[in-house]
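We call the chains A, B, C and D, going by the order they appear; numbering starts again at 1 in every chain.
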């Protein structure tokens, strides 16, 4: 039995070394990752579809917040709410972007074209997650100062306010990671917009909770800052690591 | 096994689990009844959930310890345990499906998640009644309740997702991935809501350990609930399998 | 009313509806799931009957 | 030990989910340089077979070898030998023709991507349109870029999945000429509804019904009238 297997293996390795054409040399995964990422960025730079729609959407959400808060009395209490509002803005905007990002891939069956190439599925995931992260970051860079401009009259944030960059970064990484997996799933379902929201919101709930806590702590400063900031960030980072790993492993099953 | 060739080969049934199932059902009923009687007649009264000091929840100051409502706990907790165990099975079957690509594991995972949803709903119902009475509010963002709400939403999303994918194999793969994500998400969610101190939500102390009587009662009911869950799982499995067999037969005869 | 009795009842009566509701709803939900199973079973049986009819028709035609 | 491995060898290939078998115990061996046409009614498993050969779907059982490489064990090596043209062009509409091809060329690690892409675009007659976005192309032109895309890695095996759908007669003619010009010594497998077209190009035919191979023959051993009758009866099976 084992003998036969050995022969079988020998026969197989006898077969021509590779059916690959002379023209090609297998590129490294890093090179493929770079190529895929550049593709997403170039496409976006050309159409600006995602960035524009996400940016305008963020502005609209800010306007809605403005209405919602128009009868609130300005005061220090606002700082406790503002972290949460900021994250509501981020979540809704990223939902919009995630929905968009994968419709490019399914539009002409492009995803299949990528899968035909000798390409690790993890690379596809990482490239897509990176580009989603990049777009989300760009939108945040515009939306967060805007948010500050509109609402800074309510209450002056504590001196530690610039630290909100850290939870924003951790949150965006997690959102881009798990969001890429979930949007790949929902891209080929019926009613995909609703489906993505339905899956995405409960799954990112823990991350959201941790990030809101850290953001609020940074904005309010004081005791809250000392108590909650580090713990929240550690938990958010833990979530990122676990979920990114899980998404990376599970991605193969989603695309094939 | 099924004769080879065209005859439809399907998720097996009729082996030991099906023989055990009726016994499990009886055991489940007996154990839960015993647990019920124990809870009301035997376990000494304990204070209900107490709040750290006096807290304002909803409109009422809550500080007192209430006796009878605590009896809900003896069913609330076993039901919660059962739902999580069902989720573990669901995730495990999903994993096995992804590795083997066999349709029967997909069916198993789906039914395990149905059971999960059922028991999560039970947890929410019993938990609600407790919250309503003890704190006078319908909802409180307490870590456990929040975790279960999130878990319930993910499981509901799982079934909505199943409904919106037509291709059976793709549906199975997608839902398996979601089930595994749900399984990873739940403990993280609990940890996050638990570990982050919140200035707004009261910290509910229910620990301080259970007395041996309480522990025994919870254990009896938990065992009973697990038996009931198993019997239900098996009954549902047989029914779904029958439906699948009929479908397969219809296809064979259809043309 | 006897003040002591009133005191005892006061610890039990207000919570009784919630306790009863919790237990009742628990079993109601389990029962609902059993009904779902039963309905599925019934549907499968109906389908099976259709198949039997089709088979009978086919045999009748074949002869 | 055979002298040269077949271009495509399937052994007992099955794709099943539950009781439903899309492809059922299918075996065939296709020599290098052959042109195989696969016929069959809707749902016969033609596309599933093609997708399995293309390594997009994993077979539940059996073995597929592409150019002597086991497609299940070493999908990436098999992929290097495969090009797929489908009714879906698999091109990003907002990138230019050149950028699209460059993307794929780099993914396959083509040594001189720039030159290769120009050469291919020249071959499909779209060199002068290479800086236009694919979105602005007609269906026929898109499909020609799609041919160039499939050939970017100089594959030994080219798979065609209903390539004619949505093309007008003129575009079909151009498409056929192109296929003929890139034929060289490549192996082709085509899934098509169009019996006449499939027969004209092919030197091997495979008829499938309900996942099984009803007939697999080299074309010159084939009585065409008999084949047409068989085709009609199998297609009829699917419709009823």
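Structural remarks
Basically, a contact is a pair of C-beta atoms (placed from the backbone, for glycine too) under 8 Å apart; a residue touches a chain by one contact, two chains touch by 3 or more.
Source: prediction; values computed, not measured.
The greater number of contacting C-beta pairs, out of the two interfaces A-D and A-B, is seen for A-D. Taking the mean of each chain's C-alpha atoms as its centre, the chain lying closest to the overall protein C-alpha centroid is A. Each chain gets a centre from the mean of its Cα atoms; for chain A and chain D, those two points are 36 Å apart. For this pair, chain A with chain C, the centres built from the Cα atoms lie 43 Å apart.
Chain geometry summary: the mean Cα position of chain A and that of chain B are 30 Å apart. Remark: chain C and chain D have CA centroids separated by 54 Å (rounded to whole angstrom). Annotation for chain D: residues touching 2 or more other chains are 58. Looking at chain B, one finds that residues 247 touch two or more other chains.
Touching chain pairs in this entry, ordered by label, are A-B, A-D, B-C, B-D.
The touching residues of chain B, counted against chain D in their complex, run 8-10, 101, 103-104, 168-169, 172, 244, 247-248, 251, 255. Residues 11-12, 14-16, 18-27, 31-32, 35-36, 39, 42-43, 46-47, 104, 107-110, 112-120, 256 of chain A are the ones touching chain D in the complex. Interface of chain D with chain B (complex): residues 17-20, 58, 60, 237, 240. By the touch criterion given at the top, residues 36, 66-69, 71-72, 75-76, 79, 114, 118, 121-122, 125-126, 129-130, 132-133, 228, 232, 235-236, 239-240, 242-243, 246-247, 249-250, 253 of chain B touch chain C in their complex.
Per the touch definition, chain B reaches chain A in the complex via residues 98, 150-151, 153-154, 156-157, 160-161, 164-166, 170, 173-174, 176-178, 180-182, 184-185, 188-189, 191-193, 195-200.
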